[in-house]
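In the two complexes that follow, chain A is the common piece, with chain B as its partner first and chain C second.
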Partner chain A sequence: MTNNTPEAVQPSAAAGQLAPADLTPARRTWRAFRANGLGMGSAIVILIMIAIAIAAPLLAQFPSGYGIDILMPPSPQHPFGTDDLGRDVLAQVIWGTRISMIIGFAASVLAIIIGVALGVLAAYARRLDGAISMLVDVCLALPVLPLMILVAALVGPSVTTLVLVIALFSWPEVTRIVRSQALSVTRLPYVDAARTIGGSHIWIMTRHLLPAVAPIIVVSVVLTASRAVLSEAGLSFLGLGDPESWSWGKILFNAQRSGALTVAWWCTLFPSLAILLLVVSSTLVSIAYNDARNPKTREN
Partner chain B sequence: MIRTFRNAFTRRAVLLGGVVVAMGVAGLTQVNAQDTTRLVIGTTADVVNFNPLVGNSRSDVWVTNLMYPRLMQMTAAGSKDPYVATDWGYSEDGKSAWLEIRNDLTWSDDTPFTADDIVFTITAIVTEKIGVTAGLVPAFVSAKAVSPTRVEFELSRPDSAFLSNIGFWMPIVPKHAFPEIGSVASFANDSNWVSAGPFQLTTVEVGQRYVLEASDNYPLVEAGRATIDEVEFRVFPDVNAQALALRAGDLDVIANALPAPIARTLQGQPGITVEKAPSLGWSHVLYNMKREQLANVLVRRALAHSVDYAAIRAIAMQGLAETTNSSVISPVLSYWADPTITEYTFDPAKAKELLTEAGYVDANGDGFFDDLDLSLLYEQSAADVANWAQIMKDSAAQSGIKISLVGLERNTYLARGREKDFDIYAGNWAVMEEPAAYLGLAYRTDGFINYASISDPQLEAYIDEAQAATTPEAVKVPVQAAAKLIHDQVYDNVLYYQTFQFAFNSDRWEGLVMQPSDLLSLVNPLSLASVKPKD
Partner chain C sequence: MHLTGYLLQRLLRGVVTFWFAVTVTFFLVRLLPGDPVLAVAGPGMTEEIRLQQLQLFGLDRPLAVQYFSYLRELVQGNLGISFLRSKPVTTVLMERMPWTLLLTSTALVLTVLLGIPLGVLAATRARGWTDKIVQVSGVIGQSLFVPSIGILLLYTLGLMAGIFPIGGAVKSGLTGVQYYLSVAHHLVLPCLTLVMAQLASYVLTLRSTLIEALGEEYCDLARAKGTPERKVIWKHALRNALLPTTTLIGLQIGFLVGGAVLTETIYAYPGVGRAIFEAVGQLDFPVLQGAFVLLAATVVVANLVTDLAYGLLDPRVRAG
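And now, the complex of A and B:
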């Protein structure tokens, strides 16, 4: 108890050596996360990718038109080589980073909003739990990829279509995880107390349940985003991407469609590496964050 | 006791496993032994329809062509040679036609192939309006088998292209093995095949392979039957996988036309030969006449002057394309082509002049004419078209025309085309070899493939005149006049005709016969009946 007094904290804080128990949960998590080399490295990779996505217009001209250097291997002029229309693959990967990240982020946010809302609602409103759980089970049992292909083909390819299609098929997993976490919280005394003092349902859900599942949401955002990037790459590779924009999946699709897949390795290697880097980094960041916020793994 | 049982069971299981493995090895050896007489052909799609009158995908045509013979054979210049039909002609007034067929052809169940089968086939096609062929024979009234080898046709008006159209476009089906007229189009024909081609389908493994065995009687080749015993169409995910399989020796022929990068790589490989074949069709863009902007000929002309044709042929097609001089009659059809027609020039300044003349302005100064946002519909998986669609968009921007790309998957693209739901339609016609016939299909108001909703009385008059003429000389004049009118009015903007490339294992096989277009190419019936293993 004495450790919690300001007088006791001050000397060691000044020395920059706060004991873990003296810190806020957020700072304890950050300290543990920072200590995880893989997690930090992955976070840096993601941050670099975000920076590339934001600064794409400064880094490379939008790949359009055509050039006379068709399917040229990497060279100082074209570090990632050129495609079958003589366009720079590096520029495609840079602009592809932007669209892939936008789709990943937007689809993830949309899926998280739907998933968290339904998950919290299912946990809090017991009468709706059965129906929502059944809906989640049904959605999880659906063959997602064929349905995504069907919807994307019928609606027509565009970035908006891809975001909506991916989000609409990604929320059930979020709902399931959030519901199970929120269920354990709804039984805690402080939720009963909030109810007893006359708190409204919305207030209880937003002020008590939502903060309790926030860490799960953070992990879900990152994982859902990486899955969304994979889904986008898959749909684009199947020819259902937006023909007006570049994404990593579209670069791969172009290589496959033009017959460059087995002829020009550079057309497939670099976008594939980008996808791999993002997905692995996202997964490692999620694991590192999960470990960092969990006191048991943190202590280990 | 249990242990003893287990040991005995284990021994038996091992023994049984050994026998199974031995049988498997024996089976493999047997297959290997048969490899010398089985030609393996790669395709990228399953056969969707085994009814040759209905099926229209390439895989459908490649497989059913080997079972249901056509009456005539296509030459490199698009004319027709005798095949099943030995002779044909028209009456003096042009209102009746006749053809004679061979008398030595039989169906695989030993029923003779007769004129009755031809009468049945054409009557079914016209009555049930099946496929493109129905649109190609508008003058047909009736057919009669006057002898087992002679058919006579009654026509409502003279039609110079009637016989050559049915000769190439109409596979003949067995009357005795097909249902009655009225149910032919819905007949799946997916088992117990009765055929009269060089091969007979025996095994169907969807997503895997289609195996055909040689028929005993195929008198259309010198040997009286195909030289090889079996043909296997093996389904691959895409042409990249086919190229790898060909290089590895697992595949003998690639049926699909090769993309230029793959063809270039295969050309250098020992034991692999890459052969070229001209297309009898062409690649083009159609402008939807139902759209207010595109109904204006000045806008269509501006669009025609906004295409970098040379870049499309040199970059997107990598040199494997030739100009048709912006004419709907390709120079490949040397007899019909009009040498006075010249290609539209790529001239953004002229395009801007035309648009200004049409009343368009760039009021907001963004470099694009206002109220002229057009979309270009194309099939996303067609590499060539997707590439030149991008070039077209970029070159149109130089003329101040904003084009947005709408690349769709095949079925949605086809549906949008049929429903005329597009501004600009990019695509290919595979075989356009008989101008008098295809002009009617593509440019008559009610033409079967008139996707652009073209309706021009003068053009229809030329087409009528061409179809009514009974000599080639009399057909040529209105056909060329129609082509010139289409060129001047920019009803269709033909960009090029393609040179296809196909590859096969020339270390193992010889005797393949190349025919024009990617529908026939190396996998036409004559070619597969003639191919033989190399000694």
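And now, the complex of A and C:
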């Protein structure tokens, strides 16, 4: 991104907290975000992983069939080693990036849509608030993983199942956060004004409440996606992954099932690092975005 | 609000949560495509045997009748019959339950016991770059994938160092003190896995609430009276900072139970979690359903205990 704003408009430390008027809030946030080394580094890591996910067919052959080199430690030929059937672990991790990220992203988008809709509705329609809040509390109290396992086992493992199951049990967290944010907005005079001039409920919710919670949604998408990646890995690790495709959790499941776990550290280390890298980067990006957006944390 | 009223309200909420868990899973199992009828009655059966099988498991009656009879049986502690082992689910799971309870409660207690001093250290000693390290390692700690930690510990402490056993819960054929020592020895790695998975959340929460509490006026007052800083931290500020930590326990118990399922799978630990893993492989839906109902009940009870602790810690709840 090119930024032609002259250096002179940088607020001096003594001149107070006012940002230059010619910068839009979005650009001010972007500026502060760019100055955060950890946040920028993490964003680059995520972009690289997205690129790997998209370019998987160019980077490695789909790991299938059997190889001759069984359980080979990392070497120039197989940088991440090979598994118990002689398949290249690097290729598995690359193809796993694709499925893990697709499931994480799709489940997160779905969970956000449900979560935001119910959150805004609960904040706006006070009569529904009690019921929705109760549902959220109850869902958050339950052990989600065993429930996901039950449903995924019933429906039968596939990418679609995983997306739906993870989304179905991930929205309450989003609703909780969106509701509390939207609740403070519904009390503001401009919402009353919108109602006074005869705005419909749908119009008020979509045009006035939704934009107010938008920043929260940005953070939620990233955090929910990283949690969805962990859920997918957990379900795949228990044998509920899509049988047709690779994911990071499935590599671990194979290592556990075949016993490669105890002899070949490379079969489990690299997918574990991939999961860790993606989840840590997502968390750091959302923290950096939050800090950049907040005028209090932005200035120092 | 008095403590009794508060507890009654929480109890009601626990009952509703449990009822919700039971009802949702009942209808999920009956209505989703993975039809239990098919699991019991294979396509190759004759019509007569199929009906017999359905009758045996009560699957031929209307859904509503099945639901109420399921609830009635549940109240009496009957969770149905395992499809594959033809044993009551309750029997299958109750053998497993003590191990899961041992694992999760030890992990929880250890996490809190370690989390409090670490949180105090992070809030009071970490300045500048040490604080940065605390925060970044906190983020990493919260991002760990439970099986990854389990495998790492299994490989390093279990296999390479060979200090701890890597599977099972106890060596067979032992009695008395040796039995308990063996149980503790087998518990180390699974327990450590769960502690590592949870610790960061507790340290970070305590750190931020304690920093906030130490800036409050009552702490300034205590300092002005000449109270030593150590006492201000441990007696005055910590007491208030522990309240959000108590809430966190309630929020984290669901995660802890999920982590136990994954950990038990890695270490072949004979708890409910391992039973879930085995039932997934065999598509034994009554066991999966029963295990979830049992774990939901555990979580509800654990939440009640946390609520009680919160009520006792917070005078506003206690006195009303």
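We take it that the second predicted complex is superposed on the first by the 278 of 300 C-alpha atoms of A that agree within 3 Å, B and C clash if a C-alpha of one lies under 4 Å from a C-alpha of the other, contacts with A are read in each partner's own complex, and residues count from 1 in each chain.
The rule is short, and it goes like this: a residue touches a chain if its C-beta (ideal position, glycine included) is under 8 Å from a C-beta of that chain, and two chains touch if they have at least 3 such contacts.
Computed from a predicted structure; not experimentally measured.
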Partners on chain A (chain B, chain C) - clash or fit: clash
Touched partner set for A:35, first chain B, second chain C, both or neither: neither
Which of chain B and chain C A:276 touches, first, second, both or neither: second
First, second, both or neither for A:240, with chain B first and chain C second: both
First, second, both or neither for A:262, with chain B first and chain C second: both
Partner chain in contact with A:154 - chain B first, chain C second, else both or neither: both
Comparison of chain B and chain C by chain A residues contacted: C
First, second, both or neither for A:51, with chain B first and chain C second: neither
Partner chain in contact with A:214 - chain B first, chain C second, else both or neither: neither
Clash with chain C (superposed arrangement) - responsible stretch of chain B out of 259-267, 403-411 or 475-483: 403-411
Shared contact residues on chain A - chain B and chain C: 153-154, 156, 238-240, 256, 261-262
Contacting residues of chain B [partner chain A, same complex]: 238-240, 243-244, 258-262, 264-265, 311, 315-316, 318, 380-381, 383, 386-387, 389-391, 394, 404-409, 411-412
Touching residues on chain A, where the partner in the complex is chain B: 64-68, 70-71, 84-86, 153-154, 156-157, 238-240, 243-244, 254, 256-264
In the complex with chain A, residue positions of chain C that touch it: 13, 16-17, 20-21, 25, 28-29, 32-34, 136, 139-140, 142-148, 151-152, 154-155, 159, 166, 250-251, 253-254, 257-258, 261-262, 265-266, 276-277, 279-281, 283, 285, 288-289, 291-292, 295-296, 299-300, 303
Residues of chain A touching chain C in the complex: 38, 134, 137-138, 140-147, 149-151, 153-156, 226, 230, 233-234, 237-240, 249, 252, 255-256, 261-262, 265, 268, 272, 275-276, 279-280, 283-284, 287
